[in-house]
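Chain IDs A, B, C, D, E, F, G and H follow the sequence of writing; residue 1 opens each chain.
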Amino acid sequence: MKILESVKAGIVSPPAALERLRQLPFEDLGFAKVDHHRALRQGFAEVVFGKGKTPVQVAGIVRSMLRRKDSRQNVLVTRADLRIFAAVKKTNRAAKFHPLSGVITIERSKEITGKGKILIVSAGTSDIPVAEEALLTAQMMGNRVEHLYDVGVAGIHRLLEHRENLTQARVIICVAGMEGALPSVVGGLVAVPVIAVPTSTGYGASFGGVAALLGMLNSCASNVTVVNIDNGFGAACVASCINRL
Amino acid sequence: MKILESVKAGIVSPPAALERLRQLPFEDLGFAKVDHHRALRQGFAEVVFGKGKTPVQVAGIVRSMLRRKDSRQNVLVTRADLRIFAAVKKTNRAAKFHPLSGVITIERSKEITGKGKILIVSAGTSDIPVAEEALLTAQMMGNRVEHLYDVGVAGIHRLLEHRENLTQARVIICVAGMEGALPSVVGGLVAVPVIAVPTSTGYGASFGGVAALLGMLNSCASNVTVVNIDNGFGAACVASCINRL
Amino acid sequence: MKILESVKAGIVSPPAALERLRQLPFEDLGFAKVDHHRALRQGFAEVVFGKGKTPVQVAGIVRSMLRRKDSRQNVLVTRADLRIFAAVKKTNRAAKFHPLSGVITIERSKEITGKGKILIVSAGTSDIPVAEEALLTAQMMGNRVEHLYDVGVAGIHRLLEHRENLTQARVIICVAGMEGALPSVVGGLVAVPVIAVPTSTGYGASFGGVAALLGMLNSCASNVTVVNIDNGFGAACVASCINRL
Amino acid sequence: MKILESVKAGIVSPPAALERLRQLPFEDLGFAKVDHHRALRQGFAEVVFGKGKTPVQVAGIVRSMLRRKDSRQNVLVTRADLRIFAAVKKTNRAAKFHPLSGVITIERSKEITGKGKILIVSAGTSDIPVAEEALLTAQMMGNRVEHLYDVGVAGIHRLLEHRENLTQARVIICVAGMEGALPSVVGGLVAVPVIAVPTSTGYGASFGGVAALLGMLNSCASNVTVVNIDNGFGAACVASCINRL
Amino acid sequence: MKILESVKAGIVSPPAALERLRQLPFEDLGFAKVDHHRALRQGFAEVVFGKGKTPVQVAGIVRSMLRRKDSRQNVLVTRADLRIFAAVKKTNRAAKFHPLSGVITIERSKEITGKGKILIVSAGTSDIPVAEEALLTAQMMGNRVEHLYDVGVAGIHRLLEHRENLTQARVIICVAGMEGALPSVVGGLVAVPVIAVPTSTGYGASFGGVAALLGMLNSCASNVTVVNIDNGFGAACVASCINRL
Amino acid sequence: MKILESVKAGIVSPPAALERLRQLPFEDLGFAKVDHHRALRQGFAEVVFGKGKTPVQVAGIVRSMLRRKDSRQNVLVTRADLRIFAAVKKTNRAAKFHPLSGVITIERSKEITGKGKILIVSAGTSDIPVAEEALLTAQMMGNRVEHLYDVGVAGIHRLLEHRENLTQARVIICVAGMEGALPSVVGGLVAVPVIAVPTSTGYGASFGGVAALLGMLNSCASNVTVVNIDNGFGAACVASCINRL
Amino acid sequence: MKILESVKAGIVSPPAALERLRQLPFEDLGFAKVDHHRALRQGFAEVVFGKGKTPVQVAGIVRSMLRRKDSRQNVLVTRADLRIFAAVKKTNRAAKFHPLSGVITIERSKEITGKGKILIVSAGTSDIPVAEEALLTAQMMGNRVEHLYDVGVAGIHRLLEHRENLTQARVIICVAGMEGALPSVVGGLVAVPVIAVPTSTGYGASFGGVAALLGMLNSCASNVTVVNIDNGFGAACVASCINRL
Amino acid sequence: MKILESVKAGIVSPPAALERLRQLPFEDLGFAKVDHHRALRQGFAEVVFGKGKTPVQVAGIVRSMLRRKDSRQNVLVTRADLRIFAAVKKTNRAAKFHPLSGVITIERSKEITGKGKILIVSAGTSDIPVAEEALLTAQMMGNRVEHLYDVGVAGIHRLLEHRENLTQARVIICVAGMEGALPSVVGGLVAVPVIAVPTSTGYGASFGGVAALLGMLNSCASNVTVVNIDNGFGAACVASCINRL
């Protein structure tokens, strides 16, 4: 607050203030240091990674996030389940659960801060959970988002029909399992960055998403980068980060 | 010969004779048992895998193959080099060396025994050696062969321009490194079998062709099968074998 | 229908019509684009991959497949369980469940379109589920199919007793776990293509089928190609595709 | 040219024309289809991947690139050596060789088309070749580029001293081998996208860059994406692509 | 006892006696040879690895450990669960269960034998179980222990705030999953040995802790050594062993 | 010598003496402790592993082995080259070099101490170096050895023709690369132990012998054990050890 | 029977008869070909691998094995559970279940056919299940068996105390998880063959037994061979096979 | 200097001064930031990692290190070759090259700062280069060092003869390739920390040191930690760091 008052008083210029805010400390919950400034620093929503945390822990972190009245950031819990949702729901009535992806959202702001549209393209039915995690994350972070599902490379005409959609996006997130070939084809059709997300779908030699991951890392399209297997959240973060530039 | 004479005499029917011939023994060269009947059994050319053999060994095997006057099979040496070629050339003047793929061919028959056309599709310049090994093998085994080079998935329009070529083939061999996505796209465009050959091109996370191999094994097109990394020869054998059905 | 009427009217030749039909679009179910033309394009049955889909999703796709009255294609659901079967059974009384392989079949046509016989050879008792998936798939796709079970390489005389069966097949599917050696031995005994399917049976250093997969990729028999671990369905697709040539 | 004339004549609007140009064909050199429009389509330089091509092949491609007078794109050859450089030098006097990274550049335009600054951060002396490949690629593609070398995580104060540099960049490329930890630390200090490039430096359990690659894919900073091991070129492409948004 | 009497009688010097004691045999429980001298030999607590043992087996070993009246060593059971704890609790009332890490402790001595302080640093909430196993082990072995949780590398300022804590420790145990970068940063800030423990947290390309393990083995800080994934116990043993020097 | 004199004097019984001799120390050469008793202890030849040692080191070790006049053990140097052979040859005129396998032999005894015959079976021409290493090792260790080359599983009739040879052996060493299937087939045909040696021949997915190694470890024949890739020497040691029982 | 009558009649010599018996066919149960002659051929017990088979299947195979009155072979079911045991128990009252290893035994013969003693050495408590599988298998196959448990390499004096036991065995089976170092130490102490069995105990970087497997394959003791992870049965088969020589 | 003058003047206490010195900056050579304070901070020698640097680069760094007159630190170049040595020799006459390990040493101080003795134990002849790198590093860092070579686990009596040496050391570095079992045995014999260094010796399934690395990470001795494959330098750093406590 002191910093912001200095800004008001004209002692500190807004950019300098923002810069200093980015270095400020964080609240200690005992089991997790809640970093309220991360949202501020990166202009993103507040996020909790649910997996490996108890419902009580998650609800505690969410409560701490909501307590700060000056913040209007959206809150996002990823990799949650119904037990975690029940605990969070008690903390905040507005919490919504998205069962396909296991995401909980608490929408506090509908402001659009991303400059263009983020398009999420996915290959098969079983890639939808990861695609939805990316979609919800990107929305909570203030982006206009569209999706294009079930457009795998073995039926290339399905994808080509949507060429217009592809060329209208500012950033594309491409979710695919199995051979992970979709980002290469999509990357060749557009001039914008493509964030590739391998998924752990498939069986046998898909090795839990490794085949798709390697395919994407070796993509012959030069506008493709890759995030971890099933990391729809991370892809949306990067896409959101690019979409604000 | 006895078997064939029995056939002439009407004691043994030709199919029965052929069947028996398929079980017959082979000539022993000391370091390698030359299996003259393999050619007969499978209707293929005589083949020597050059790598790991000395020029003298290869030339010896080739000489033994050529000695049998009743056979008019073509002779093929794969994974050879100039030193092996020099030794083979002394054995037979008609031997030709194909430096891109390291293949030596001795053409003794131009008979076309394959029923349709085999099309070889490859993705990048560095896949050409493997594609050429497949092309020469398929030709030596009596097939009409066409090729379509440099049609990677990141420039999908290049491939789609050749859709007619694709639909005219009876069997397709698809050679690709990096993400190995080409067979999935090609497989989705045709109704014939696609033999996928991963190549060891690329660097880093291509792991000497493993990325492409995994991509192909996980292909979402259901008419794709896979052979070993860089195994252009094997792909052509299977394609040839299918093309005679 | 317009295309087919043009054919009737003589404006479009049947092959050209077929060609155009192969490029036509598909029905959108929201969570999955049902590609009715894939069956037409490839002359195959309609197929749903059950794993990772809910019973409701699978039944919905099957219902959409059955709705098109002009099609008499068989319907196949792979990797299903009893809950999926219950949902599909409500959609169509004729649905049958095959518990060993988890396959659901709805037979609407008994037409044989494959030219020869497909033989399925498997090594051990635990390979039977994958072998049965291949068998049912090949049958649903209009092929005459035979099977030869429990003929592993450590008791080679069992296999050799069936040599006649082997030589009568037009395509052979070879299902094996552990060391995956069966396709090499079978491939050496016949002149037709052998589709090798590694299975995830075994323990320890079988690494969920990787040992068998590598063994098959390195097969010293040149008429062997490989599909993904446990992919009995894929092997049958390729075999069926070859058997129509 | 026809398209551009239509634009001049007012028949086609410039954006529509650009869109159509993006779909146009390419010149066929026999061994490689030179895709002149890729530069146009993506606003990038013309690029040849030198490794695995002969000097004659590379020089041929470069000559074809330079022939088109209407283009003023820079030309870049990556993974080249002195023999390739000698051949290219004959084609164009202005070609320069950068021995650390094996890059050849032919600068034909100094126009800056990127909106902000791309900062390249690298960890150790042995990461410099990859960092330089990224730096030259980004420059040739019309970006302002700065570099910050030898700022590994084990001496965190070196990195923190340059915090101002970090916060002034619009996109950051982070090149690191060994444990690949640098992108996580850098990602935590900035709010812009960080493209991580693992390098194959190190020995033993670095497994040719796999340790760094895995470290980067598992980065706990959510603004990090990853490209293939040693792929400085690819990182610069993506960064350049982002920097034009 | 004979040895100790010889010492009393002056026949054997204490160091020589200690030396001989270190080679003495052990008690045989049938399913496990309880090595009472290990505690003596290494000055450590008595330890049972609970995983893979039945509650009855663990309780039996603990009872045997407690029976020897002359020993005042603490007793530690790692990788236990509530069923094992119930069985141990019956054997000794003082047993305590620590559910986060699955550790059971029976404290019989509060003597501090370690010379300095052991500091345990961990990166994320999900690393806490392993960190706690290390913490309890180090305490039971007679060390002063402090902990510093949730100081990951993507928020480097959190770690730097605790620089004083870091420089006051005599040995540091650094627990981290994901990219495993924390030990490198910590190692660069201190001059004492850092024992790195990779954890199996994370998903996808974390490969159950392999990414973190490789990151730590490739650490660019030269005072870092590594123990097995999730081996908090082992790290504390080594730290304790160093802290007594 | 003292021990042996005690034997002569009747103080120590010969078996007791032998037992004690097995525990005796060894000669120290500075860079390698030559363990003369290993030969005595195991009744084997004296062996030097040549790879990674300089010619001077190898010759020094061989000289030390030959110096002990009371021993008549054969001497074997494995993984040697011509430079090592030149150095050894100076030490002992009788040394012979076997270029295929890189083995040097110095025969000092022709005594046959193995009870039965060891048969070495190998699959392809490129497996011969490893097979020869096994053959020479087994001979130097006092066994009757036969070999059967080029009997791969893809030509099963070649192997079956030699069934009699197989059933006459007391121990079989089976050398194979690629899919490593030979030991399973051989193991099923005999009732004696089969030592399987994977070789690093092949390419692509043979992964330097890993495919063959995994195949052999998963052998469905229960009389098969495995040694390291290319370890013909080790296989012969075990076979020799069994053949003396 | 005909063969044996010919023997009685003096037409066929006993060894020739035995030879012919070894090639005879087998009984077909539909789901599994019961190979009664395997027992005869290899002089072993009848064995069923229980895992992956239903209780009904296992009981059926066991019933078929017991039906042949002329055979007095012991029957062994490995990898069974209580449900399988219940089904087998109904077939034969004498069946016994060994819960540690999941082995079912039906003892029909107590004849000792092995010449010497087989010693089973294991490292830790969690290796006992695999050790017991080996022990029961070896006993059922007619061998005198002893065991030596909990003698890991980190307490080398425990092992050395049993040196006499080690030197009295004719074959040693060495069961160890974690670093798999026990076979090397044991192999160095004896002159007989050592069969090493890696176990899947351990966690983290033990990778389900891979660490132990690799350790054993790289053993520096030359009388060590290896079987698959957890394959106590296979180790006992080979040991038994050696012990009859 | 200012800081040290403040100390002299009594303004700053020595420990506080030392603390501040540890945070001070570093000299920039363009291609490498020479961190003179690392030596001061950690009390170690100045070190250059030679591999991947040119002779000119290494000599430049060494010259910069030697220029600071107030420092009397020893200088160490690891992974060097004769060409690097020639360049360094010109810079400083006192430089010595150790060809086995590729280490260059410039000794400027013989002060012993380590409190006890560091013992280096290695298993085989081919592990000596890594052991020597550890030995020279530890000496240059001011420790008393002894070595014990060629004491592998397959000849356990060799190691046990040196038990006294083992128990006299304050820290032990254990260098071993192949199965990497030595640290477990050594760790069980002593009560001090054991730093295990896997080496890349061996062949086949040693996978360049991975087998040894995994063996060491899974060591059943609880006083063992591990560094990277072939990292003799790192092991000596940690050992030295411990030896100063």
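Keep in mind that, in the parts below, contacts are C-beta pairs under 8 Å (C-beta built on N, C-alpha and C of every residue); 3 or more make two chains touch, one makes a residue touch a chain.
Predicted model, so just to flag it, every value in this text is computed and none were measured.
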{"item": "Set of chains whose contacts include both chain H and chain D", "value": "E"}
{"item": "Reaching chain H from chain A through chains that touch each other, fewest steps", "value": "2"}
{"item": "Chain pair with the higher count of C-beta pairs in contact (D-E, B-C)", "value": "D-E"}
{"item": "Duplicate of the D-H contact set - from E-G, B-C or E-H, the pair where over half of the pairs recur", "value": "E-G"}
{"item": "Chain whose Cα centroid lies at the greatest distance from that of chain B", "value": "E"}
{"item": "Same-site or different-site touching of chain E by its copy chain H, using the half cut", "value": "same"}
{"item": "Inter-chain centre distance, chain A versus chain E - centres from mean C-alpha coordinates, in Å", "value": "38"}
{"item": "Distance from chain B to chain A - Cα centre to Cα centre, in angstrom", "value": "48"}
{"item": "Whole-Å gap separating chain C and chain E, where each centre is the average of the chain's CA atoms", "value": "54"}
{"item": "Multi-chain contact residues (two or more partners), chain G", "value": "155, 204-206, 210, 213, 217-218, 228-229"}
{"item": "Every chain pair in contact, whichever chains are involved", "value": "A-B, A-C, A-D, A-E, B-C, B-D, B-F, C-F, C-G, D-E, D-H, E-G, E-H, F-G, F-H, G-H"}
{"item": "Residue ranges of chain D in contact with chain H within the complex", "value": "125-126, 128, 149-151, 155, 157-158, 161, 201, 203-206"}
{"item": "Contact footprint of chain F on chain B as seen in their complex", "value": "23, 25-26, 31-33, 35, 38, 51-53, 57, 198, 200, 208-210, 213, 228-231"}
{"item": "Touching residues (chain side chain G, partner chain F) in the complex", "value": "19, 22, 41-44, 47, 115-116, 167, 170-171, 191-193, 195, 213, 217-218, 222-229, 233-235, 237-238, 241-242, 245"}
{"item": "Chain E residues touching chain D - in the complex, by the definition given at the top", "value": "123-124, 152-156, 160, 177-181, 184-185, 187-189, 202, 204-207, 210-212, 214-221"}
